[in-house]
Amino acid sequence: MHFESDNSGPAHPSVLEALAQANRGYAGSYGGDDLTGRVRDRIREIFEAPEAAVYLVATGTAANALGLATICEPYQTVLCHPIAHIEEDECGAPEFFTGGAKLTHVPGENGKIAGRALAQAIAGCRQGFVHAVQRGPLSISQATETGTVYALGELYALTGQARDAGMKVHMDGARFANALASLGCTPAEMSWKAGVDVLSFGGTKNGLLAAEAVVIFDPGLAWEFELRRKRAGHLFSKYRVLSAQFDAYLAGDLWLKLAADANTCAGALAEGLAQVDGTRLVYPPDANMVFFEAHADRHRALRAAGARYHLWPAGAALEGAGDAPVAARLVCGWSTGAAEVDGFLTALRAA
Amino acid sequence: MHFESDNSGPAHPSVLEALAQANRGYAGSYGGDDLTGRVRDRIREIFEAPEAAVYLVATGTAANALGLATICEPYQTVLCHPIAHIEEDECGAPEFFTGGAKLTHVPGENGKIAGRALAQAIAGCRQGFVHAVQRGPLSISQATETGTVYALGELYALTGQARDAGMKVHMDGARFANALASLGCTPAEMSWKAGVDVLSFGGTKNGLLAAEAVVIFDPGLAWEFELRRKRAGHLFSKYRVLSAQFDAYLAGDLWLKLAADANTCAGALAEGLAQVDGTRLVYPPDANMVFFEAHADRHRALRAAGARYHLWPAGAALEGAGDAPVAARLVCGWSTGAAEVDGFLTALRAA
Amino acid sequence: MHFESDNSGPAHPSVLEALAQANRGYAGSYGGDDLTGRVRDRIREIFEAPEAAVYLVATGTAANALGLATICEPYQTVLCHPIAHIEEDECGAPEFFTGGAKLTHVPGENGKIAGRALAQAIAGCRQGFVHAVQRGPLSISQATETGTVYALGELYALTGQARDAGMKVHMDGARFANALASLGCTPAEMSWKAGVDVLSFGGTKNGLLAAEAVVIFDPGLAWEFELRRKRAGHLFSKYRVLSAQFDAYLAGDLWLKLAADANTCAGALAEGLAQVDGTRLVYPPDANMVFFEAHADRHRALRAAGARYHLWPAGAALEGAGDAPVAARLVCGWSTGAAEVDGFLTALRAA
Amino acid sequence: MHFESDNSGPAHPSVLEALAQANRGYAGSYGGDDLTGRVRDRIREIFEAPEAAVYLVATGTAANALGLATICEPYQTVLCHPIAHIEEDECGAPEFFTGGAKLTHVPGENGKIAGRALAQAIAGCRQGFVHAVQRGPLSISQATETGTVYALGELYALTGQARDAGMKVHMDGARFANALASLGCTPAEMSWKAGVDVLSFGGTKNGLLAAEAVVIFDPGLAWEFELRRKRAGHLFSKYRVLSAQFDAYLAGDLWLKLAADANTCAGALAEGLAQVDGTRLVYPPDANMVFFEAHADRHRALRAAGARYHLWPAGAALEGAGDAPVAARLVCGWSTGAAEVDGFLTALRAA
């Protein structure tokens, strides 16, 4: 019963097969191989963005920080949710890659940036006032860190505000596939049609070994991105190692299938939880994560029964919690099975 | 006949097997898995350095730049050969990671830093003079970019000079295995016993997919390295992807065997070339690379015969070269076979 | 009636005299002159800190950012009040000088960091968790941006918390003199005895042309500071230009007298305001600034009468404010006279 | 007999008078005062550049590094002479301000960049090759660090090469006035008409206390410069402190007169030296500096006679030099008098 994270599970077998296939013989290095070219084209096709620049890197932090550095000057600030991954979980990577830009908190319920808060934050940036950092990009996580998903309307409203203020938009799509499966829209609708300029299109959390794509819809930014990537040590010499993963990921819409499976498991967990007295869902379970609250003793019993998951927020502990209500996070991956879900719910009911 | 680079060939099959193995089930993320622990211990054992901090990253540029940033302040300068990889081929990564340190050229024949040049460079650093950047680490490439290998005596002499000047020592060991196979000494003798503080212990050029180890012999630097790695986006969530590669690499001394094979091929190429009139070796072929000079027409003929390799230095071209002598680089990898070597030499003789 | 800022008024005449004096003949450059040595010694004497390193720079932002960079690593965060000058008014200078550190907001009433908020912030830093920036220094403004002054007890409590957490302490003392005059303690009691490691000891806002001292109580940090200062372009070649200003500043305790005068004016303003119906003080007027609220029409009348001051917070405007209450900031400098204070109060009463 | 540096002498008395004048009453801060406006306009007029952005900072390093950061990306390299001030004497300031750009050496005789070396350096930048830093600006020192002055033809040739390569041009004009006095051309001819984009227009070495102007001929770069300046702590709150200096500097062409005087002294020194057996000029004395070689004993005698100057290059010493020829640098400032020159020559002849 592994619900710790979508990055503690295995990669999908077809990814390893593709890698083994791609590993045969010689190939151009640094992205100059045919497979990379095909993957790049396929991503453009999927996103209906024939001009987009497409790059592969190995980690989500690299994707986010490089993407942001390409659209944010050192004397600007990135507007993002207070619990965005770029703010909380990257040890200052955006600050490092941008040369010392700031991050400004734009709060909102359920891990989503609220329109009113964004309006305030935009107004609060003292444009033209030399003592203050200037407005840089808006960064939106889709799905969010709390497992919620912006409806298209919400997304368009936020990016519209950003556009009106002359800001670019970055999307942290570490769980882009899960959000897409949740909304049932097209990749284009959830990215460039929604006003996104630079997208971190995640793969690692959804069945890959270590691969994320950065999709830059304005090809004018491509060369700067490439140089920043190289000097950050994120250009793979054996680039096909990354491309092969994405090749398998996109083939037959595997990526969407894996995300849908994870979402389904999370949905079943949420449904089950809702029927157990003394527990409650903390956030709407829109994608592949379920946040719930239960008494500490129940968590202890679940752990004893073999359930693995993190308490929430980071830093929370059962020690010293008595029997108070404690929140926790359950993450479903592509490899989470119905048996695990059932096992968890059974253990919960018994606890 | 692929001699372009040791990173255009495939990874060794056992690496893919190990990866497939490691991919089963759940595992602690970010290096908290058992396999990573074992690999770390194994590297410490191989290096006879039980206290060393060991980290895995995906690229050589990351290994070098993170290692340097850990031992070089922004107001210092890294002493290195003018054609060191960190100077020539990393698009300013050391400058980026260190926060703007300089690199000072310390020349020498055959791609090796000369002791006299190092003495001059050390003396030339105006220590205690606030207008000048201060001495930072010495960075040595072993094997060098020109395929030569420092003898242990040469190495100890250079690091001794560095030590006497209070400098730390970084070794770019992207081709550490090839150098080791060439010298026939122990890993410890070529690293910490030789005064190396931080080692980039390469894997990608010698049969891995994308994995390098950073070995830090002073464990007091470990935590800073970890934070810098994370904020540079180089901490893998599915860390076992890196560990599995090294696991296969080290098993049964595969790494040494692969390097020896590559060196053997290069030796055969060099021997064959030496017997062909009108060609000459440019540098002593100590490891897995052979630099030779031949008339432009010969290069044209070789290319026509299907030989793939780069001219030297980067930027050189046959176009407009008439029939002047032009230098070129042949790189052998673990997968270079005797047939390729023979084929090349036959084509050369025929050209 | 100039109450805009303590940096829009003139420097004290004795400062210009000292500068003219110091300008005679030749002198060692870059701080190697006798006058600089004397000033350095005098500051050590005043602070009862014979070992302290003392540096002069021209701006408060330089003093703060260089001081912070000396005690804060790129992967750390500076704990400071949300409206600290380093957070709000330096366009990201701390981020730039530290190489991309973060600033963490520690709120509290009246512009002062609250002990409880500090405890929370300290606990909130996820030490040893590689995904989060680590605790760096605490930065305290004395006097604060809202014109309040930490009592010694408050100060010692905060710095004690920092010490217990292993953090260093920076003090932004742009208005150190005003705070000192307010508390009536010794410079040592309000700095190193209170646990301050690095102090920005302001001069510009209190009668100098452009000079601030940085006092570093741990001389082990001195050389790093000097190199960082030089590479930031803040080392004056004609250093006596800065030293002469401080020479005049410290002579006969001029600095304390000027600060006391400014505080007295602010006190008189505050007292007068308190007696006018429909106005109220926003913060306790501990030093040389008075924040008050009045109806917009009153502000309009004051402006019409020739009073010059900024609304508060930055960005507030009378336009469109109807007759709502609007806050404003009055800053007194050494050159503010009783006549200006009386004039303002008369105009206020008439408004 | 002070010939150490043009920054160890006093500022011109009229500068102090102007400062005292400007110090009266209240004035807009941060450059919002009338005097600053007038100075800005006057500089535009002098440079026949009505659209130019004009900024004042306190040090030459700030002027250079901020100017370069505005026209150089982190992944680029600045082409400059190996002994340029930005390379040798700013402790890595360009690297710091640009976010880690490189500096590429472009040698040439007499401290001047040679056209052929520039052509090589331009060709040597591997444009479009992602592993190499890309071409950034050309930086030219006028006058150079060795006291020579580029003829207009030389200047135009170099900037022409830069333009053809798509590079911007920075001029380090710490001794711009001396160069101008030497050439007898107009400021426009030696700056924007010569293809200079960003100019550090020095004042401190030519009679000011601490003030340099940065003239940016493309006003589109202005706002970025302002933000970078602020976040580097180089925006003066009492900006009139800088403006007053330039006001006096420009009034009645004082700046040109002071530079001409210094040049005249240097010319007289050079002429005298040329007539003394056993000495020789090292570089053509085009501006206000004379580099000469003499036997060590002669230097000892000159020092004993009270002559103050630095040996050349930095780090040279008489100790242990026996009676070998040793080079030295004599710098004349605006305040160097004929008596000092005569005294020196007399002492030299007697030595």
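Order of writing sets the chain letters: A, B, C and D. Residues in each chain are counted from 1.
By definition in this document, contacts are C-beta pairs under 8 Å (C-beta built on N, C-alpha and C of every residue); 3 or more make two chains touch, one makes a residue touch a chain.
According to UniProt, the chain labels map to these proteins: A, B, C, D = L-threonine aldolase.
None of the values given here were measured: they were computed from a predicted structure.
Peer 1: Touching both chain C (L-threonine aldolase) and chain D (L-threonine aldolase): give me those chains, sorted by label.
Peer 2: Chains in contact with chain C (L-threonine aldolase) as well as chain D (L-threonine aldolase): A, B.
Peer 1: State the chain with the largest centre-to-centre distance from chain D (L-threonine aldolase), centres being mean CA positions.
Peer 2: A
Peer 1: Chain B (L-threonine aldolase)-chain C (L-threonine aldolase) contact: same residues or different, taking over half shared as same?
Peer 2: Same, since most residue numbers here occur in both copies.
Peer 1: Suppose each chain is reduced to the average of its Cα coordinates; what separation in Å results between chain A (L-threonine aldolase) and chain C (L-threonine aldolase)?
Peer 2: Computed from C-alpha means, the inter-chain centre distance equals 42 Å.
Peer 1: Where the CA atoms of chain B (L-threonine aldolase) average out and where those of chain C (L-threonine aldolase) average out, how many Å apart are those spots?
Peer 2: 51
Peer 1: Using mean C-alpha positions as chain centres, tell me how far chain A (L-threonine aldolase) is from chain B (L-threonine aldolase) in Å, no decimals.
Peer 2: Distance between chain centres: 34 Å.
Peer 1: Two-or-more-chain contact residues of chain D (L-threonine aldolase), please, as numbers and ranges.
Peer 2: 74-75, 90-92, 95-96, 99-100, 130-131, 133, 227, 230-231, 235
Peer 1: In their complex, what parts of chain B (L-threonine aldolase) are in touch with chain A (L-threonine aldolase)?
Peer 2: 2, 4-5, 7-11, 16, 19-20, 23-29, 57-66, 90-93, 95-97, 204-205, 209-210, 227, 230-238, 241, 308
Peer 1: In the complex, go through chain C (L-threonine aldolase) and note every residue touching chain A (L-threonine aldolase).
Peer 2: For this pair, the touching residues of chain C (L-threonine aldolase) are 74-75, 77, 88-92, 95-96, 98-103, 124, 126, 129-133, 314-315.
Peer 1: Which chain C (L-threonine aldolase) residues qualify as touching chain B (L-threonine aldolase) in the complex?
Peer 2: My answer: residues 30, 73-75, 99-100, 130-131, 133-134, 224, 226-228, 230-231, 235.
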